[in-house]
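So that we are looking at the same thing, I have put the structure below in structure tokens.
Should a chain be cited, it is by its letter among A, B, C and D, assigned in written order, with residues numbered from 1 in that chain.
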Amino acid sequence: MFTIRNVTAPTKSNLLKSVCSRSMASKTPVGFIGLGNMGNPMAKNLMKHGYPLIIYDVFPDACKEFQDAGEQVVSSPADVAEKADRIITMLPTSINAIEAYSGANGILKKVKKGSLLIDSSTIDPAVSKELAKEVEKMGAVFMDAPVSGGVGAARSGNLTFMVGGVEDEFAAAQELLGCMGSNVVYCGAVGTGQAAKICNNMLLAISMIGTAEAMNLGIRLGLDPKLLAKILNMSSGRCWSSDTYNPVPGVMDGVPSANNYQGGFGATLMAKDLGLAQDSATSTKSPILLGSQAHQIYRMMCAKGYSKKDFSSVFQFLREEETF
Amino acid sequence: MFTIRNVTAPTKSNLLKSVCSRSMASKTPVGFIGLGNMGNPMAKNLMKHGYPLIIYDVFPDACKEFQDAGEQVVSSPADVAEKADRIITMLPTSINAIEAYSGANGILKKVKKGSLLIDSSTIDPAVSKELAKEVEKMGAVFMDAPVSGGVGAARSGNLTFMVGGVEDEFAAAQELLGCMGSNVVYCGAVGTGQAAKICNNMLLAISMIGTAEAMNLGIRLGLDPKLLAKILNMSSGRCWSSDTYNPVPGVMDGVPSANNYQGGFGATLMAKDLGLAQDSATSTKSPILLGSQAHQIYRMMCAKGYSKKDFSSVFQFLREEETF
Amino acid sequence: MFTIRNVTAPTKSNLLKSVCSRSMASKTPVGFIGLGNMGNPMAKNLMKHGYPLIIYDVFPDACKEFQDAGEQVVSSPADVAEKADRIITMLPTSINAIEAYSGANGILKKVKKGSLLIDSSTIDPAVSKELAKEVEKMGAVFMDAPVSGGVGAARSGNLTFMVGGVEDEFAAAQELLGCMGSNVVYCGAVGTGQAAKICNNMLLAISMIGTAEAMNLGIRLGLDPKLLAKILNMSSGRCWSSDTYNPVPGVMDGVPSANNYQGGFGATLMAKDLGLAQDSATSTKSPILLGSQAHQIYRMMCAKGYSKKDFSSVFQFLREEETF
Amino acid sequence: MFTIRNVTAPTKSNLLKSVCSRSMASKTPVGFIGLGNMGNPMAKNLMKHGYPLIIYDVFPDACKEFQDAGEQVVSSPADVAEKADRIITMLPTSINAIEAYSGANGILKKVKKGSLLIDSSTIDPAVSKELAKEVEKMGAVFMDAPVSGGVGAARSGNLTFMVGGVEDEFAAAQELLGCMGSNVVYCGAVGTGQAAKICNNMLLAISMIGTAEAMNLGIRLGLDPKLLAKILNMSSGRCWSSDTYNPVPGVMDGVPSANNYQGGFGATLMAKDLGLAQDSATSTKSPILLGSQAHQIYRMMCAKGYSKKDFSSVFQFLREEETF
């Protein structure tokens, strides 16, 4: 979806400096913590690019595949930090990320000065900032780099990374992230990677629900769904949810709505991201009238059996026929 | 905005039939009722294409310019219907349209059999259907053809018409509408022109508010507005409101947000269209959770002094700084 | 629920005047149009008070019971108007009311001068005003008098009537309405009876959903439902929905939540009333942010199988357990 | 507002046990941390009841008054804990509470075994639970006891305390809280005091906005505000906001709406409490469709200059006249 690689072109001297401050040979080991649905294919792409890995996951089974392939498995995030000066973390929630960094056996217990710690988890930007502060105290560098794109993009190395952190270190992060994604976008200070992702997904949720409501209303008013989609897409109602990922079965091929809303981006995950948007809006006192409502709608959907369906199934949620 | 002209290509025989059933010479007089901000430039474009006009407006002053130009001004919609068998109406509300058609001196009092009556007002599709029934009883043809595009597009002849009515008559409507607009889209049965417009504008309102909320939240979280817009536009949050009409001052040139929200499409007009969406949703029992909220937000804006500002000023409405 | 009878005490002279202008004997026939779930027991209460009835319903079967009891059944609203100078109408929608008054065989076709026409349907106040104008042109009197209280209250003669119309005629209306209800409240000009009912029911819907949300959140946070209800009812969260009609099963006896949400006031009926509130708010340009959302929530509930359950089942709708 | 004192009557033996485990003489010093608008009069009420105080506030000026009165002022929460085995904290936010308990010079640094720590701050119940765990590890007891009632109630000793914590310790808490409030309600396990307060205030916000919307709509539909309030209060729309704290100027005396919305409970404070409700709902995955919207409405109000007005000023916020 993203088409640019270098929003910022760091100067050569910066590039040199950051590379020099770590292992000279670029293919020294990289730490990877969190080998779940997303972390697993991401780590494999690093392997394909020749990086030896130092692996840790709370579930030992998740590491087995990598051990069999000859990678080194250790028994805590602290141990990863002892053996690698570049580490990527990919964890499900803020709490898991805090544990991995600041826990009793967390990275910070043994992190080396000058290490580069990249967190690709999607978490509260306030937590990212907090972690960055603690990391900085240890003389290391923290960047938040949440991803856009699902398991498929993770496998094919086509993720988008939205990166927040010190600009001088962006090139160093790019070296690794570029192995796993086709777009690496520099967003600003620490936390702005998360912020960009959260804002995008909130707008996505709003426009998806809006598309579902408009399509449903139009159909009830007698319009043909394909024709209505065509009209919207030529006009000012056009959005990614209407022209690329239309939620109405029969309008487009190759999207979840064409396949009973299987696959794609689950309603639960959208509810989680909207929860983060809500938290950020509350703490910055930003009004999000529709964002907040979108959050509640995905909450309701999860309570009504849509949690594993693609988030475009909101069309189905609205549509069920009235019985009176 | 619309890029197609013939969604439907009527067959030649239909074309002949409908033309033959009315005045043979195509430049016989055309009736025009409602010479307001939009009607005035629309009527002028018909004149430019050589159509003599039969004019009526409830405000005689609105007709003066046309009288001076040699067009015929009459004193009621009924009189228009007596002298013209093709009539275009362009009125502000459902009530005005009902009056013009079914009132004591309305079109229906003197309409000729076989006449083509095209209503370009934006009104409740249920009213369009009701008018169509009454017109049909008199042996004439009714089509709803609301426009997209503002006064500028009306002047330059670049409006988009969304047309509902009997398909056989579409070509006849197109002959006239094509003089005033660059896109004439056939939408289906009577009322679907209104339905398409209403659905588009509801989705537009939702995605505009969503864009304003996402941009505002991102800025408060430390993102640069231009960079955030760039990221959204490369990603799944992309929509017309973010990539073509961004509501944040400084992000784009040549849009109302670059000019203190002057010009464009006023919040009052958006509130009116959302009121129609609300009415249609209520009568068809379609849930519109965000559409309904968008409606209320534009209502609030109108109550708070934004009524004449462009509808993208919702960004400003949300943004005003908190004082604590 | 209502505890006052005479909000307004009309003066004796007014009372005399209005009585004198119609049939002198108070037990002359009363017309009754609409013998549905509500109309049937209401008409029976008039019979119990000794009023002979002139009956009409679009479904002849609805009249049979009354015919068997010796009441006179006629074949149109016009015929009712010919034989009775006091008529009560009790119809499901605005459209039915318009038909009964202004239709081809409507009341207005044969209404006598000085007749008193009382509409107890719950309809759009704008329609009530429109009907009142037409009735007035015929030299008769129209009052809107929607009811509060369901079928049970209709049977026991304990309805509340909210009455709008000329104050001088209130006593005459009260004579009849007092046979069917225990509270007859004068609200002001024509349409204000509807307005009062609509506003009350909108606030009821909002506070019911609010109660359901607060109870559900509290339970999830570990509070005992009965204790939470007790705390709310001692405090500023107290409302009719929390202290008289609590939506949480197990908190109170004798309410629909204690009986699987059977009986009571169906979600469909609440959705209908909220639709009227929405229409009134749109036409008066009044922002109703929560009212509008409440409307959409009841719409969704109707689409999800709650249409016949009591409106307090919104607690169940919110509560269904999440599966992840 | 609350009318019960002992929801739970602890058994005598429990009462003895908890009293015995601390200072035998009941008038031994009590620690008090946080002497702001609320804490100041609360602490004074403890003094009036004869309790010597050990005082701390981050702003030394806040302590001066107490020092002059002969109370002991110390320089950190840890020092308070060293000198008192019963401590009350009254702080503005979760972050302040965490700092006071777990900070570098926090209570936990020097807390004695068996101490009773009562937090009357209004904070996230999840934070209360976290603090309780840490306190328990030190062998002390933690209770959350947020208050209802403003500065006036704090001065007159008429606050309501909603208390969460081990039931056996409730009597000990009651001894102190009863000096500052007229109602002390036991709510359940730690965190339920906060939960009860949050749920009540969320429902309060919803019914206040609902009352404002219903009153405004009714007025625009032609109803007299006093009469409408009377009708609502007799009927199912009745709530504390309509019958005790009506938001419409002229309807009631002695409420903020009668005094230009001065005094009372500020919109900012309501927005804060709704933020806590939102956080709790997000973390427990409870849908709060109207609660969430109420939160956003108070956010908007704060951004529009209503932050210091009473929260019933939402009526004014909705009402400002439209200009078209």
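Note that a residue touches a chain if its C-beta (ideal position, glycine included) is under 8 Å from a C-beta of that chain, and two chains touch if they have at least 3 such contacts.
Because the structure is predicted, anything quoted here is derived from the model rather than measured.
Asks: According to the touch definition, list the chains common to the neighbour sets of subunit A and subunit B.
Replies: C, D
Asks: So how far apart, in whole Å, are subunit A and subunit C when each is placed at the average of its C-alpha atoms?
Replies: Their C-alpha centroids are separated by 53 Å.
Asks: Taking each chain's centre as its mean C-alpha position, how far apart are subunit C and subunit D in Å?
Replies: Chain centroid spacing, subunit C to subunit D, equals 41 Å.
Asks: Which residues of subunit D are in contact with two or more other chains?
Replies: In subunit D, the residues touching two or more other chains are 285-289, 293, 300, 302-303, 318, 322.
Asks: So with touch defined the way it is at the top, what topology do the chains form here? Options are line, ring, star, complete, other.
Replies: Graph shape here is complete: every pair of chains touches.
Asks: Which positions of subunit A touch subunit D when the two form their complex?
Replies: It is residues 271, 275, 278-279, 282, 285-289, 292-293, 295-296, 299-300, 302-303 of subunit A that touch subunit D.
Asks: Which of the residues in subunit C end up touching subunit D in this complex?
Replies: 1-4, 7, 125, 148, 160, 162, 183, 185, 187-189, 191-192, 195-196, 198-204, 206-207, 209-211, 213-218, 220-224, 227-228, 230-232, 234-242, 244-245, 277, 280-281, 284-291, 293-294, 297, 318, 322
Asks: Touching subunit C in the complex: which residues of subunit A?
Replies: For subunit A paired with subunit C, touching residues are 268, 293, 300, 302-305, 307-308, 318-324.
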